[in-house]
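Structures incoming, each one as structure tokens.
Heads up, the next two complexes both have chain A, just with different partners, chain B and then chain C.
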Partner chain A sequence: MISAVDRKMTRYVPLALLALALAALPAVAQPYYITLVLPAFAYGIALLGFNLLFGYAGLLSFGHALFVAIGAYCAAVLSSKLGVRSFEAILIVSGLAAVVVAIPVGMLAVRYVRIFFGILTLAFGMLFHSFLFKFYDLTGGDTGIRVLRPTLLGTAFSDLDKTSFLIGPFYYYCMGLLILLGLTMWRIVQSPFGLHLAAIRENPRKAEYLGVRVRLFRLVAFVISAFYCAIGGAILAINTGQADPELAYWTHSGELVFMTVLGGFANFFGPLVGAFAFIFLKSELMSTTQYWRFFLGVTLALIVILFPRGLMGLAERVRSTWAGRRT
Partner chain B sequence: MTAFFDILIGGVFHAAVLFLVAAGLQLVFGVQKIVNLACGSFYALGAYFGITCVNWAIAGHSPQWLFLPVLIAAGIALGVIGPFIEALLRTIYDRDESFQLLLTFALVLIFQDVLRFFWGANPQQLGNLSMSYGKIEIGALSVPTYNALVIAASVMIATGIGAFLQRTRYGRILRATAENREMSEALGVNVRWVYACVFTLGTVLGTVGGALVVPTAAASLDMPVELVVEAFAVVVIGGLGSMRGALAGALIVGLMRAAAIVFYAELEILAIYLVVIVVLIARPAGLFGKAVE
Partner chain C sequence: MRHPVTAPGRTENRHSVLIETIGVTKAYGSFVALDGVSLSIAQNELVSIVGPNGAGKTTLVNVLTGLLKPTAGVVRFKNEDIAGIGPVLLAKRGMARAFQLVHVFPGMTVAETIAVAVVSQMRRSFDFLAAIRSDSGVRARVQEVAAIFRLDGKLDTEARLLSQGEKKLLDIASAFALAPEVILLDEPTSGVSTGDKHGIMRTLVDAARSAGIKAIILVEHDMDLVAEYSSRIVALKGGKVLADLPPDAFFSDPEIAEAVVGKLFGQSKAAH
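The block that comes next holds the complex of A and B.
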């Protein structure tokens, strides 16, 4: 029998090792691969939030790219139009803007569940996309707005060129953010609030009879997920140096769902795994074939049909058969 | 007056095409409870294949008036892919609907590159062929004959489907399956067969819609993802699963788009989503939909 300490060890040791490996990556890997890890961090953060809504509350949004775009455009407007360079300020404004938008949108959207929730969120996402696309003077239209390099904790790192800034200080900053927001999300899903959400997902009517305020809890989950997506969007925009309307397009929302399901929505770490797996899969496919969408689609179809619990579900199954064979 | 009439005709033409795609979407959702994101991909496939078929017909020196029948035949021929895709979807009928939505999203990605593989990344066009049908002149007003024919074809298909669903034995079986799958299965309906037929019919409606639109507009790789949002707007405004809703929704979206393009181009797509959101707030189930939980 494994003692409680051992069990804790088996859970935390791999995580700590993983964090160490990611921290050591810039020292050993080629810059190209490190620049791939950055969007994975960004999507990792966004998906932690997204999965609170999808995995824990059971609401599938097909419009969360809206909030990623809000984060990206906040970073763009603040850095290149208003001259605000502090990354901390950008993060706070992005998060707040997402919350401000998410409250009314969420209040309307959480009146529905299932497919109607998905379609309504898709409509809101596309509304924002067409706003970005059509109001050229405000948003730069289809070319979008440039995003300038921010300062981190007041330091400008002006002696570094763009790549070494991104794979140096910015890399560690984002990794720190991912850990911080990851721990926060871990607390959220373990809290009574997280348990309420799971109860609502399993049986909304029963939860309501037990006194759970179903819509309020769904709304709070919606707002938190929007916040996380906006933070991810701000990182994404600084990494690419550009905020464009494609970020809000419904296919981008679809990619968010894709990543979550690829990693496994039933597992807390699934979305993170999915973000990394998706970014590397996509970049590998794009460098080998111009028909990368085809292979991404086939991958998604296979995951949906054969492994609905994603990579983490697959790993769990392998581990349990292995453990079963051992005893 | 002329401007108003042009908006009306442009809007109704757009609505006629949108109705076909939306009707396919509604049929599949009504019976199989699957929201098919790939409906736009079928539409684009119909458009590209229609161009290819017309080019073949031109190379074969067939008379120009034949190209409308050729386009419709091209769309119907593409129905062969329906049963295969239905077989793929069949693997997840019992699962949560988010998985069904995702699988159709996978199809969108796959078709995107299938189109690119066969027809390349550049938009394709049929030139000005639709004008070879001439115009119908009524006093000061004129309507391109081709547009009038497409509108008429769409109306015929709409009444045809309506009669099929309401008056025929198969239509009754289909509605019964939509109402209660288990019960109709218990009464001896071959649900598998019904699903395959419905999905194929839905596919054909999409591909014919796409084929009919190419004489007036170019076929491009953006077509599938752009059309999906419009078709979604139509079904949400009209109410998911309702044929009458698809008709009303298509007219609203088509006319609004035509009007917005003339009066205030910035609002084109924006206006449509605003209507969608207003409808969802005021009438959650859509104009003709059943109440939802």
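The block that comes next holds the complex of A and C.
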């Protein structure tokens, strides 16, 4: 019989080893691969929020790139136009800006479910994309706005060149953020709030009769997801040094969905796995063939058909088969 | 026009009345689903609402649970107007409902399903950072409710894997977990085998007694159950109250029984 301590060990030891491996990566891997991990951290954070809405509340948004773009443009405007270089300030403003936008957008969107919710979020995403694209004086139009290197905890790291900064202190800072926000999200989904969100996903009518305020809970999940996406967006913008309208485009929202499905939305860690898998898959395909979009599409189709619970679902299946053979 | 038949000399103690409708009418365009329905339900009563299909039972239930706002008339729960307030507020005020068709959370375990109601009842829905699995208060209450409904052996089983009867019990158990004062059971034994019906009803009545529930409203087609468990029967027909009587008086009036459940049943009950 497996004791509670053993169960905890089986759960937490692989996570601790993974964290150690990621921490050791800058010492052993080529800079190119380390710079690929940074967007995976950014998308990992964004998708933790995105999946609270999709995997836990059952609402599939096709417009969450809107909030990623809000985070990126906050980083751009603050660093390039307002001279704010503190990354902590950038993160706070990005998150708050996303919350301020998410409240009215969410209030409208969560009145609907299924495809109607998806289309409405898509529409808001496209509205913001048009704004970024057309209001040249404010947003820089299609060229966007440069994002300057921020200070981390008040330190400028001016002796480091851009790559050294990104794969050094910025890497560890973002990894710390991912762990912190990951732990926070873990507590949220394990909390009474998370339980009620799951109840809403399973049967909203029944949930209402058990005293769950369905629309309010959906709105809160929407706002939290927007906050996480904006934090991810700010990291993405620092990594690329640019905020442009493509960040708000519907295909970017599609990529968020892609990553979540790829990793498995039914599992807490699925979106994180999806973010890493997507970034590396995309990078490898782009360096191999000009038809990389085609192959990405084929991959998604195969995943949905063969492994509807994504890579984490596949891993769970392999693990249970293996455990079955051992007993 | 036929006036509703009521028990002679029945006068509820006004202080013990929990639910009251006065002249409730609900119309959908030109179709009148409820027409001037007045009834009251007092403490310690199990009131059955019966009637043929289309009599207005579902509409009445939806009005009583605040889901529908009546076109005219008053609906009160504990002397407060509850017209159209919705199920969430009604649950907070102390009325729970179990559905005719099984309403469970298929992918959630028995323990999680009951915990949804327990957390609501404890008003801890927005407790973002508490770990629900290790909360001893929630766990104890979940265990207590599950034991009442003999589901304590299946706490970790997903609802979709339960038998139909167990799903029904889980549906009702989750409503009980709200610790309501009044519970509305909409055909609690529908879809359950005849052999299991009395078992479920017995469990429900015992559970209500041990949980301190003050009144039960039962919507039921099975007249054997209605006859055995009701303290009063309200019969609807064509959206109106046809009768509001204790079971003995109800079944001894062949005209009413025939109007509600058909001649044969009326004759057999009257003959008892």
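In this text, the second predicted complex is superposed on the first by the 327 of 327 C-alpha atoms of A that agree within 3 Å, B and C clash if a C-alpha of one lies under 4 Å from a C-alpha of the other, contacts with A are read in each partner's own complex, and residues count from 1 in each chain.
Following the convention adopted for this analysis, a contact is a pair of C-beta atoms (placed from the backbone, for glycine too) under 8 Å apart; a residue touches a chain by one contact, two chains touch by 3 or more.
Fair warning: this is a prediction, and the values are worked out from it, not measured in the lab.
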Fit-or-clash call for chain B and chain C when the two complexes are aligned on chain A: fit
Which superposed partner A:281 touches (first chain B, second chain C, both, neither): neither
First (chain B), second (chain C), both or neither touched by A:211: second
Which partner, chain B or chain C, touches more chain A residues: B
Apex chain A: angle to the C-alpha centres of chain B and chain C, given in degrees as a multiple of 10: 80
First, second, both or neither for A:188, with chain B first and chain C second: second
Contacts of A:25 with chain B and chain C, given as first, second, both or neither: neither
First, second, both or neither for A:261, with chain B first and chain C second: first
First, second, both or neither for A:103, with chain B first and chain C second: neither
Nearest Cα pair across chain B and chain C, whole Å: 14
Shared chain A surface residues [contacts with chain B and with chain C]: none
Partner chain C, residues of chain A touching it in the complex: 184, 187-188, 190-196, 198-199, 202-203, 205-214, 217, 220
Chain A partner contacts - residues on chain C that touch it in the complex: 65, 86-88, 91-92, 96-97, 99, 103-108, 112-113, 115-117, 119-121, 124-133, 138, 171, 174-175, 177-178
Partner chain A, residues of chain B touching it in the complex: 35, 37, 88, 91-92, 95, 97-99, 101-103, 105-114, 116-117, 225, 228-229, 232-233, 236, 240, 266-270, 273-274, 276-277, 280-281, 284, 292-293
Complex interface listing, chain A residues touching chain B: 54, 60, 62, 108, 111-116, 118-120, 122-124, 126-127, 130-131, 133-135, 249-251, 254, 257-258, 261, 290-294, 296-298, 300-301, 304-305, 308
